[in-house]
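You will see two complexes here that share subunit A, one where it goes with subunit B and one where it goes with subunit C.
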Partner chain A sequence: MTTFKMAWRNIWRNSRRTLVTVAAMSLALMVTVNYQAIMTGLLSSLEGNILDLEMGDIQVFAPDYRDRPSIYSSVDEVDPMLETLEADGYRVTTRLLAGGLAASDETSAGAMVRGLEPGREAEATLIHDHVVQGSWLDPEDPRGIVLGAKLAKSLAVAPGDEVILLSQSTDGSIANDLYEVRGVLGVISDGTDRAGVFMLDEAFRNLFYFDGGAHQLLIRTPGDVDLGTAVEYLRGLWADLDIQSWRDLLPTMSQMLDSAAAALAVFMVIIYIAIAITVINAMLMAVFERVREFGVLKAIGVEPGRVFRIILIESAMQCGLAIVIGLTLSLPLLWYVSTVGIDVGRLGGASMAGMAMDPIWLGVVTPATFVIPVVLLIFMVALAVLYPALKAARIQPVEAMRYQ
Partner chain B sequence: MKSITVVLLTILAAGGASAADDPEVQALLVRMDDLYRGTASSHGKMTMRVKTNRFQREISMEMWSEGAEKSLIRILGPARDRGTATLKADQNIWNYLPKVDRTIKVPVAMMSGSWMGSHLSNDDLVDSSRFSEDFQCHAVQKSESKQGFWLLECVPNEDAVVVYSKTTLKIRANNEIATEVTDYDERGNPVRTMMLSEIDEISGRLYPRHIRMVPNDKPGEYTEMIYDEMEFDVRLPEDTFTLRSLKK
Partner chain C sequence: MKGTSLTVFAWRNLWRNRRRTLLTLASISFGVFLAVLMTAMQDRNWADMIDLAAKIGAGHVTVQHPDYLETPTLTRTVTGLEGIAASASSIPTVVRAVPRISGPTMLATAQDSFGAAFIAVDPAQETPETLSVLEAIVDGEMFSSADDKGIILGARLASNLGAEIGDRVVYTMTDKEGEMISGVARLRALVRTGAPTLDGGLSLLPIGALRGVLGYNVDEATQLAVFIDDQRRSDMVAAELQATLDDDAAAVPWHRQQPELSAFIAMKVGGSVFIEAVLAILIAAGIFNTLFVSVMERLREFGILMALGFTPSRLFRLVMLESFWLGGVGLVAAALITAGPYYYLSSQGLDAAALIGEGMEIAGVGMPPVMKVGLFAKSAVLITLGAMAATLLAGLYPAWRAGHVEPAESIKAA
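Up next, the complex of A and B:
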């Protein structure tokens, strides 16, 4: 009889024990696969929101803009830059920035006015997806503006209402005009929520008599280009401009994401340890229960190597079974976390360190979602079975008989 | 700085008891105070010239004031801004914008912003602090002769709503009119200097026709205000300082 066949028969000789062991491993897999998916999703949505809605990967300013924001400090000669960037596979949008005052019939509030071209903006950011009332900017509607959530609330306006923007034009005259609220954004970031006013590039230029380039270029790197490399490359191209990665612009946020990732990794380790103890316990018991059986095997002349192999193969079989069952059972759960998600909105706020956080955590399934838990399970099982298997292989038949 | 309409009145004519320990300084403040005591109202026309490194413009305006608390300024030119008006009542500022036919109250957060593109802020317009009440003044230099100058150093009281850490006044001894007023930041660096010249007399009151504000951190920039016409103690219609008359 082959070792393989013996192992197969062995595991079904006590089917209840096998089922318990397989169930423990399957459950462990289900938990870790889903946990992996949720945490990957959470981290990528945190970072994704920051980059997709507010920051881009890299920003370009005139050298003095960030120290002293002024409507006069703009990046000029933008068009050739855009061509170069696009030829290299970067996606890029331009933004015009100015401060001002937004006023409704009721009241008024400080405003950060941002002029942009909707077509270009959609290439680089997803802010158009975050309009919760009304609609996003339309190139056909130069009077339309989109407001941050808190600003709309404090002005007590909704889509269709009129808002006046008041500021100072580049020639010193009073910039003022009447606009219609087209849309109101959801949670983006504290700054945008409180004061963000988005309008067409053209409307911005008319309001402020602005004929310069752009105050800010928001760049998305191609997927295969590392952020640091991209920044270095762009700095090489335009040494006289202020070119920063989002990590440099938002160091706190960047660190927070890193430490969140570290904290999640620590939680992950704790969860794996808890699961490892369960699995190892089941494996240890399964072998120690059968000491007498192994003693008999040795007594009828089975060499230690074969006993060792039998136990390993038994474990491998159980483990394989658990992987099939565990992964199959985790699929519906994975489908749920990655499509419906976990709503944490009711548990508390939906912003983290001033940046938007989706109130619904969506799981993200990648190859790593399956590979990491499976590899770790195999590792744990191997670890759990090695010691009892060695012990069983070396056992003296007489001792085994006496073993209680 | 004070409301530009009554800039001199409040700077030079600090009302109430003098905060100076020095009886001589106190006497000076009291005399300056007396000079404008009883000034109920004023009406005038002036030209404001703003020179920045980016633009230069000239605005002509008409204004009315009552005490230090209320004033109305209406822009006469250039044509693009004509009709734009600012009403200051109590501690609030409203702007009327003829282009959109709306009146907007300037929110607290915007009070430190520039007024009409000048080097004056909205805060300057509503600032009703008084040297005699909100500052501790002492003489750095006293003038013995009528030709000299007094130099006063005034530090705001803790509870005063003043953004500057210190203000110095240079006062001409012969007419007791300040010719130079400098504001300092928390580190003791001068932030801006206001120069007053072309002292004129109207209905027995002295006032400078020419005021020039120079920000220290922007070389080459300044805002100039030239009073073209000025009258004191005028009878103003009761509804002068209302939102309705702002729109007119």
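Up next, the complex of A and C:
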């Protein structure tokens, strides 16, 4: 009889114990696979919000702008830069930035005004797709502005309502004009949601009497260029400007995304330690029930190595069964979390490290969704079964046959 | 067997297979250890964050205009604050009740202008217990009185505005009639907390001076911030306070003021309860396996006991007592292994800044830089009961099986 056949029969000698062990492993696998999919989805949507809506990959400022953001510190000579960047395959948009006060009929709130050219902006960001009420900026409508989600709520305005913007223009006079809300954005980040006011580049220049270049260049790297390399390259081109990757600009968020994988692994290991203890105990019992039997096997010439293998294979079979069952049962759940998603209700808009979370979490299924939990499970079970298998391999034939 | 009670009998049975019992105990205490530390971390941290949110926001319970929650404007005020504060203070857990005016403003200097949030306070009534940023004043001093002509800014905000101590800062906001109005103040002090939202966007004003600018009465403000000694009583205090108020004021607990923070906490707490439940099921499966095998090994023995006059219910109780002992000893072992790490984490804590980064904020509220643990009594009771229930449930079927032994068959079988 082959070792495999023997092992397969052995695990069904105590079918209830095998079923419980396999069920525990399957449950653990189901939970970890789905958890992995949801976390991957959440992290990629956060990263998407950062790159596509808020930060871009790389930003360029005048050298002193980030220390003291002032309307006067702008990057000049923007056009040749844009040409160079585009020739190298970078996508880029320019933004004009200024602080001010936005006032509706009844109340007012601090505003972070951003002027941009919709055509150019659409090359580099997806913000035009993120309007939840009304519509995005239109070059034909210089009076139209688009507001962050919380700003619209605290001003109690909707598309069609009027908003006054008040600030200080570059000549020191009061900048003051009336605009119409064209659209309201979905959640993006603390700053944009609470204070973001988007308007046309041209409208910004009129409001603030601003005729400089741009305060911020928002750059997307070509797909095949690594972020660090791109930053180095750009710094080489324009040594006198402040050029930063989104990771330098959002260090906390960047660190959080990096450590998320580790946090996920810790979670899985915790679940699997519970599984490992169950496996050790179940296999130890399976070994001690059969001490006599192993003694006989040894006496008729079966080597310790083969006994060791029998136990390993028995455990591998239970683990394999659990992988099949666990993954099969995960599929409908995975389908649900990756197509319908989890509606987190009021949690949508809560922010972590300044970036808002989407109101619906969609799971993302990648090969890693299955590979990481399965590999970790196999590893932990293999570790757990070593001791029982060694015990079995070391059984002394004579003593074992006397054993009751 | 005479003179030996069933409890002692069960205890001895447990130690007949020492290795198996020790492994099972290890899995129970591992589970309880994790559950205690995870829950204790959450209990303490969220309480700390809620307190912090209350201190930079509007207290654990806020008395405000009934429509303020929906549309917060400076036109929606409450009056008769002194009377309300007095009735708030008469509620046992209330520590303090202070009037505040808060909202958005635009700050301008000769060089630049920025939007910011402001909180107008009475320096005589606020302490670091009610306004945590008072501890973070790094330059200059707090207002001398409620009518001081000063302003205090977040350090980053001040540098953005190019304002130095003593410089003039103009603040503009919408007044009680919905008109734009401006006031002038001198920069008195800077606060540096490490939280980006505060350092880059918070300003403090003296409440008396602002009342003058906005045309408020002496006893009028947008909020009365009520602080209590335990945030878990917020709902209770809000309800008690509401009963004393007229229709023109509402007492709102912190989680309605900051629904996103509250939802985030609920998600985290729900997540850890889920993980703990999965762990409990997995560990219970292991316990079931052990108990079941130990019963199947002893079928002959149970047959003899029954032949000697043990009733099925006594055998059932015997095995249930064995699982009870497992649970009990598992909990004691868990307490022993948890005590050391728990003590360390509750006194020293973990350096959160190193783990998740400096200036981490959730819904705009800074995370405590050192994460400590502190288990609520309620959580401790729940974990103990949960562990005991999982162990006893795992024992039910094996115990039932033991009670259904056929004496003659089982004695013959072996």
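Note that in this section the second predicted complex is superposed on the first by the 292 of 404 C-alpha atoms of A that agree within 3 Å, B and C clash if a C-alpha of one lies under 4 Å from a C-alpha of the other, contacts with A are read in each partner's own complex, and residues count from 1 in each chain.
Methods note: a contact is a pair of C-beta atoms (placed from the backbone, for glycine too) under 8 Å apart; a residue touches a chain by one contact, two chains touch by 3 or more.
Since the model is a prediction, treat every value here as computed from it, not as a measurement.
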Touching partner for A:L27 - first (subunit B), second (subunit C), both, neither: second
For A:T107 in the superposed arrangement: first (subunit B), second (subunit C), both or neither? both
Taking the superposition as given, does A:A282 touch the first partner, subunit B, the second, subunit C, both, or neither? second
Subunit B versus subunit C as contact partner of A:A274, first or second or both or neither: second
Subunit A contact check, subunit B vs subunit C, more residues touched by chain C
Return first, second, both or neither, reflecting whether A:L166 touches subunit B, subunit C, both chains, or no partner chain. both
Contact-wise, after the overlay, does A:D177 reach subunit B, subunit C, both or neither (first, second, both, neither)? first
Which residues of subunit A are in contact with subunit B in one complex and with subunit C in the other? 99, 101, 103, 107-110, 166, 168
Quick one: which bits of subunit B touch subunit A in the complex? Just the residue numbers, please. 50, 52, 54-57, 78, 80-81, 84, 95, 97, 99-100, 102, 104-107, 109-110, 113-114, 116-117
Of all residues in subunit C, which touch subunit A in the complex? 19-20, 23-24, 26-27, 30-31, 34, 71-75, 103-106, 108, 111-117, 159-160, 162, 172-174, 178, 180, 196-197, 201, 259-264, 266-267, 275, 278-279, 281-283, 285-286, 288-290, 292-293, 296-297, 355-364
Provide the residue numbers of subunit A that touch subunit C in the complex, in ascending order. 14, 16-17, 20-21, 23-24, 27-28, 31, 67-71, 99-101, 103, 105-112, 154, 156, 166-168, 190, 195, 251-256, 259, 267, 270-271, 273-275, 277-278, 280-282, 284-285, 289, 344-347, 349-354
Contact set on subunit A toward subunit B in their complex: 72, 99, 101, 103, 107-110, 164, 166, 168, 170-174, 176-178
